[in-house]
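Order of writing sets the chain letters: A, B, C and D. Residues in each chain are counted from 1.
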């Protein structure tokens, strides 16, 4: 079942080391089929070199395995919470990519300092708070999803306009309309996290991008007036 | 038409990821045929892995597509403005390469601190100002070209002696007598942006290169007394 | 003798440059056969490109060569001391990997600032002191092993819960239940050394990971309640 | 003539981009045949991808071309001065490798902060002063060689114990008993320049390596009591 989605998720997982976002098995990508309400995710801790499309695990929105011989990613419950809450999301990626993780460890939002950021993220990428001990005990992976939702609600953010988040002390989650966009958003997030780190260090007076340029770059690539790319 | 130029522009676009200046489709290279007054540029947002020389788009100096099935790069109007104003330019490259973009985001000129810089750029690489809201509204890409020209005129710079610029909050444009030189100049600019960042951090007292050494290195590679390379 | 172990050690040595931990011959990996009390280690100063599994040297726990035509790694005595003292260790890796070596040169422990660290190291990775002149004269490599043991005893650390150490002014040693884990632990140590360096620089107020999250991540991968990976 | 030496010099030049020390043609390697007093050097500004062993140029100790159709490296005179003055040198490499160049631009010696350094350089790698305007006018490349000699004489350094130098505002030269060692010494110099930069930034109190450990590491690899590598 869901053979094409398994192939897409498999390719997305292979793209993570290809783009330098993941070493060993430190990441996971998934994609959802909204008709059946089932999503496909990487198996836990399997070498990328030996992994096959058929190893992908099919899971329902409560995190139960529907098809597959292997255990799904240990972060499956976080993916399930996000798919359940946000109907507009089609794919999710989690990595410990170096630069996004540095900002996550520092507990800071990644501000929009340039057009590379504005082309993809319409404003700062937020850093969600640490989980409390109670939340960890109640269910670490489910509560990780809940803290992401809390962060977006408190700040009134549109989940597709800002398609990513940092978890304090942990690393980034990104998403998109499909899993390929979710991978792209992870690449962008890591690159802007790197560039913004150095920008601040080079010039502590450096400011965030003016609103007009942020709007221009975001809107020439997204929404109905977009003119970037092919029709 | 312009088959050789299409091949050159295609190769130049492939060189951008090869030299680590571009991820995905975040860059564009073009070259002009001065006889016909037409230039060839990359199509917008097309995967480098699938792109073919025949996908290159032929455009006139007002930015109108003359030949090609695909939309040209969204930055085409900026290229057009520069080709129109500077007859001596044969090729243009735009990237969001990491280190040049960091200086662009910081809003700072890249000073000449070493001979790697002096071999290619005869003095600081300037950082142009942000566009105003009025300029953005009037035409973002055309006005980006105009701000580059304004910067070179205000500072009295020779566009071939300093074959590159940073745009505040955005990234670098470089150029040259042909598109191959424009790519080389992008590689050099990113490398010196990196080295100069670290030089300043390592020794805040570090000075710009003495004028005599700047002259020596620039002039042994450029102009009629050059003795670098083969005859 | 020990042909499979030679193959494993050979592969582990090749993995070191593959993961970017080693240039030229600046590293060594070994693995022990606890039944015979013999371990297999890389020959000293042999090009990785020409090295063969059959070049691996078999050594006893006093560091005497039992089989092999070549001299073993100059650090063999350090490996021997560690295998002798810690029965639970099956493989050892020594590198001068960039980021772990930076912390070693700075003489600082690598603190646990994120879950990438917590997934592998249950707390800070300690930096052992410089050897004294007397220890250097007595036997540099043996005493290097003794200083590692001293460090773990003084701090009351479990050698498998914290499977690595830095040597002041030198670089890292890591270990594991087998040589493949020892390589993984070197990769993780270098990556967290890098991320923690930048985290501190980005936010000097950044704190170590809360104990509850450290516990959660370490224990979901290690020990009897682990649920990461396949059964 | 000197066919084997041409092959060695050709390989050494190819090793420079392979080890990440050189982009485009920004480097040169040479080796001398002491019997004939002739040395072989890379031609100036030739693409590494098209370069052949037979393109190497044979030059005498006054820098005159003895054999070869192409112009030798523009830095040939510097190589000639060093070969003439130091009989013990068999090969020379010049690059603008990133990290060594950063220290050169900062005008600082690279201190010995770890054993990676001590394994190859017996103490700090000196940074030579800028050339004066008079020296530049008299002969930039010859005087560059003379300033290197002046630096080693003023500091009383043994040219094989410290097989490299930085030129202020320019970059590194390294050398060795043959051109292969000269390449290795360039790799080591760039790596320790990188590690020492970050060590100082991580811990401003970090000290140079104690003399006893410097001695131990240098002498276990060099001189008659060496026990590193194969007999």
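Convention: contacts are C-beta pairs under 8 Å (C-beta built on N, C-alpha and C of every residue); 3 or more make two chains touch, one makes a residue touch a chain.
Bear in mind the structure is a predicted one, so any value in this text is a computation, not a measurement.
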item: Chain B and chain C, separation of their C-alpha mean positions in angstrom; value: 46
item: Distance from chain B to chain A - Cα centre to Cα centre, in angstrom; value: 32
item: Residues within chain C bordering two or more other chains; value: 201
item: Touch-based graph of the chains, sorted into line, ring, star, complete or other; value: ring
item: Pairwise chain contacts, counting only pairs that touch as defined; value: A-B, A-C, B-D, C-D
item: Interface residues, chain A side, partner chain C - complex; value: 23-24, 26, 43-46, 70-71, 74, 96, 98-99, 101-108, 130-131, 133, 136, 140, 169-171, 197, 200-201
item: Footprint of chain D on chain B - complex, ascending; value: 19, 113-116, 119, 184, 187, 191, 194-196, 198-199, 201-203, 206, 209-210, 212-213, 216, 220, 227-231
